[in-house]
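One chain, chain A, links the two complexes that follow: it is found with chain B in the first and with chain C in the second.
And now, the complex of A and B:
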């Protein structure tokens, strides 16, 4: 992706110069022209969003292949290859999970890829019922897409693949193979659908956001991207870390974390942050220099923590020194959220009032 | 509702409504209307604000700082009094003079009750009714209507608590007066809360929202309607009534985010609730949430604000059909106005959408008035 970053960096520099030419007071937008917003929006679309969805799509193709290989010859090595393909797909999804507007919201695609958090255990319950039914007609593509979202996506696949004795479960139950391949194909269908819509339709909207009354203006679309950024940071803090950390070391709960079965919880957070930083950088011209520096400083502070993150959340939660490390990570995420909030507040960009806290 | 009595203008506009994208236009006129809304600002201060529109510009009339967020502002039928109601689970009512903006009385909820942000005057302006919770009762139907007698002098007015009666449900939200002037209709949202737990929802799995029609003098339950059992997590929150007595209701679904659930409905006394669904690609964007709902001046068309989807949705109230959506970031407050609606947003914007012309007017504001201001959920107009 280096060539994209070069293009983005050039654009950021250009827009920064544009902004520093005039002195503006806090509370005003630094970017006011539609074409300035659109220049960033299209760069983000072409350099970050579409490549991330394409990565997800290609990982899902590999996932299908790995599921077919495993089912053709049930073995430990093929199972490991399938688990690896699952984790690569999950990593790719974590790189674009923050985009919660546009095509991903069509046809429940977001929930069909990943229904989480799942506080009521819907996925496990519905998966058990489906496996007990042994109903092959449900596994036909059209029919499967209409099943409960819980059984369709990455969390369902994780439950199936990370049992205590997955290999013998598969050896004793042919249905698991059919189901695994169906879920893999479904993940591919959704990710290629989202990619296609971005390439064929949404990219045009990014270029002309007012067309069809879809957006009020280019800034309106930019706010969708900035909201995606800020909400993703809040999601890491409130959903991915806080419940797992609990109130104290003794009340930590590994099973509250995302991807706890596969041990991917911390890798997910790392992939999220790595995808959020370039998104913020792309919009840095919209913020005051000192605010950009403050947000970037937190990203820099996060680097050593991300590099030294324990591999396993469950192990880290059981070790006091590593638990303290995770608490620091939590504080850094909180600091990132605050720095971005300050940056937004100093401009005239509002992410939402009624939409976030209505009655 | 029959087609008889629908102004020709509205029938014509149905075809226009389905036309393409909106244009921007100038309103080019001044209005004698007064708009009232709660608002908050970026320093987390809360306000009651009144404004008018003068030559396409929003002009502030008056502004009062509040101790906490308010929700709706209710204006009496003589148009000289307003009551600003605290947001759930707040405990204040602010009574004021519409034209001068003078605050005439501040009231605390009585012991053991809190407000839900809504209220309504009787047709003769002699009484004011508030939706409240008897919150220490965490088992039974703890919804309650507070009855207040309105006392008035030449330049003064006050409310006095005289009675209360049950709403036959939990978590009442909006209350309106039916055209017969003797019946109150109450949206029992179904959600149990307690001030000790702030805004936490305590009974999502067992909630049972309903509509209650109640005699406002005796408190007698005249009719109660429930949603189909599969939609019991659709909290009925906001309503509007047209002159034919058709009730429009807006809901917020507390269940799974991926379910395709109606968020709007209409109801005519004595009939079942008629549910309304938008096409899938629109419906799935709404994030199970509708803010405000209003009929247009003709009573034929509805606007429902969907701030989580950043759209206003327009509906034909007669057929129940979805007509179109209009992008409006964080817009929630809506009021029928002339040939369309005025709407206010959490972005600080106030706009007018003309249904017949398909045109948006974006009113400019004096900078210090709108900068950093977030308009709250509802917008009242007289």
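And now, the complex of A and C:
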């Protein structure tokens, strides 16, 4: 079926759906009117996306302040405050990490915020080289933005802050303070840039997706959101959990997890799920009732697991009972992916090639 | 249908003909797939022939390890890359090839698994306990609960035990890049000009440098023999009755076209534009170049792009200069959608031009690792142009897929970058 109906055909079909939604065979698109898609898209933009980026931006401002305070007076308490500000910023990023289209893709902003997974330990290797260079000219804003994305973002900051003896490292090396503050400012620059672009430009595109030839219609833009949802679930399963769990309890690998140094790995996953549920919910009118119920059922099943998640992944991986709990979490994430896959397949929504759109 | 394919595909096997003219007048999907198979057969056969030349050159080097014989071996490796890179367009979409490929062209690798490394390589990795296992220096390894008896370095040990040991992809013990490392050694020039510079004496029994020359010789011989036998297997796979051939046949003519376009698009997009090129630019990291020991990356990329063109044009120039030519997607598109056909030709040409600039820069000493250095604006321009033209080419490939109304096509993204 051609997904691009004329408005009239769409209207007729929509009206017929209203009277016979229960009897329709799978394979039909439930929302066919541009205005229906746009209503959801703009609600998601205004209620979920922009507030999430604003939260990230405001946390990054606090991060700059905390880095300045720490560097003005190197102490354990200021270091803890800085670590806390780092974690809050990471939590905020995890709440909007799934949006991998639109402004976040401009100027390599996504990778400048977080280059991960880092299979080859590039971030650590490049940080070592940068710190050894003691090169202050690199820390000038324009120049820093052109360095490797590995040293610019949250993972780099995590490596610097979560050493065994971070305080004395800073006391013995002034460059670490300059670098830390530069990274904090960089994270803020990227966060505020993305937020501003959403508010000033992308929101207009959401209201009128055909303008500029970027999208074919409102449904096309919705597909970017749905793809973000589906890919984020796959990412939790394939990148955030599977490698850490390994094949068995004895081959678990904490260091393969995101944010293992700060012990934020499981909190990240929790923040991801909490941001994905309302996104799915917003688009539920696009899916068949039984499919929506199936996806929601998995979200409900996940709740007790998320509530009871251990604080530390490394501790959990070393404890057989908790390891089993994480395996269940993995299965639930898998079930979520499958339920959403089924829901998508039962409609005429085609996510196929859209990873290439909107670049 | 099968017999027809065999007849057409087997034409190229006739000795002595300079051009294998398949039926290039027709635009039937059967005939287009037959050309595709003929090109696969020829290109894998060429890869095998040139790997055998490499194997002989390695033998000669090991008999008398000196700078001259080492250079011969290196040149044989460089020549072997020419046909092999052109086969990469057959990887994605053909499961038989994709599953096999990991043993032959795995990259990037943590070379400390194989041999000695410089201090700058570091001693440990978050993800890889075998980061500095150094098989050549250790005949018994016990790491993270996995013990390996490496007393005898054999093709079996490399392929079945060491390759991707502990489930870590960068534990690459076999294939072109392991051989490349053994011939060139680490490139310690960072983003400055210059490739790896391993001394020939690393293989000398009389005057051994960097210790364990006997085991290093065993490794080089084993890994080169293994490449030959792996390619031999893939040549067989593309003959009638072979796994890749039969798998493709079972998809039917439309499924065959879908496979061709999946392979073209996935190589152009996720693999080449993403994993092998853009990631290097994002990280400004010389470790992120495909042929990082030999600094042959420009050629590897160039011949990858040529491989995509071959599949589309239904044409392949063999290493002996013979041509394989037949019915093609290009001609089909010319008939079905002339505007789109013209667009695709323009995309292919843009990519080719961008790749030629990369090759020209390398000739001037600006190899890929030099171009991706931070603050090398001119280099960034050269490399970005390639990424952009590959992305454009992929979009046009997608339009062709839509135009032909092909089902079940999925263009792969990049493992590290996701959607680019």
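Throughout what follows, the second predicted complex is superposed on the first by the 329 of 359 C-alpha atoms of A that agree within 3 Å, B and C clash if a C-alpha of one lies under 4 Å from a C-alpha of the other, contacts with A are read in each partner's own complex, and residues count from 1 in each chain.
As a convention for this text, a contact is a pair of C-beta atoms (placed from the backbone, for glycine too) under 8 Å apart; a residue touches a chain by one contact, two chains touch by 3 or more.
Computed from a prediction, not measured in an experiment: that's the story for all the values here.
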(request) Could you tell me whether chain B and chain C fit or clash when both sit on chain A in the superposition? (result) clash
(message) For A:204, using the defined touch cut-off, is the partner it touches chain B, chain C, both, or neither? Pick first, second, both or neither.
(response) neither
(message) A:247 in the overlay: touching chain B, chain C, both, or neither? Say first, second, both or neither.
(response) second
(request) Could you say whether A:136 touches chain B, chain C, both of them, or neither, answering first, second, both or neither? (result) neither
(request) Based on the superposed arrangement, let me know which partner A:215 touches: chain B (first), chain C (second), both, or neither? (result) first
(request) May I ask you to decide whether A:231 touches chain B, chain C, both, or neither, giving the answer as first, second, both or neither? (result) second
(request) Could you say whether A:348 touches chain B, chain C, both of them, or neither, answering first, second, both or neither? (result) first
(request) Check whether A:108 is in contact with chain B, with chain C, with both or with neither, and answer first, second, both or neither. (result) both
(message) On the A-aligned overlay, A:174 touches which partner chain: chain B = first, chain C = second, or both, or neither?
(response) neither
(request) Check whether chain B or chain C contacts more residues of chain A in the superposed model. (result) C
(message) I'd like to know which partner A:303 touches here: chain B for first, chain C for second, both or neither.
(response) neither
(request) State which residues of chain A lie in both footprints, the one left by chain B and the one left by chain C. (result) 108, 111, 115, 122, 149, 352-353, 355, 359
(message) Show me the residue ranges of chain C that touch chain A in the complex, using the header's touch definition.
(response) 108, 110, 122, 125-127, 145, 166-167, 169-170, 269, 282-285, 287-288, 374-375, 391, 394-395, 398, 401, 409-411, 413, 416-420
(request) Note which residues of chain A are touching chain B in the complex, please. (result) 27, 105-108, 111, 115, 122, 149, 210-216, 220, 223, 345, 348, 350, 352-355, 358-359
(message) For the complex, give me every residue of chain A touching chain C.
(response) 100-101, 108, 111, 115, 117-122, 124-126, 143, 146-150, 231, 235, 243, 246-247, 250-251, 253, 255-256, 260, 352-353, 355-356, 359
(request) Would you mind writing out the residues of chain B in touch with chain A in their complex? (result) 20-22, 40, 42, 71, 87-88, 117, 237, 252, 256-258, 280-281, 284-285, 289, 291, 307-308, 310, 326-332, 345-348, 371-372, 374-377
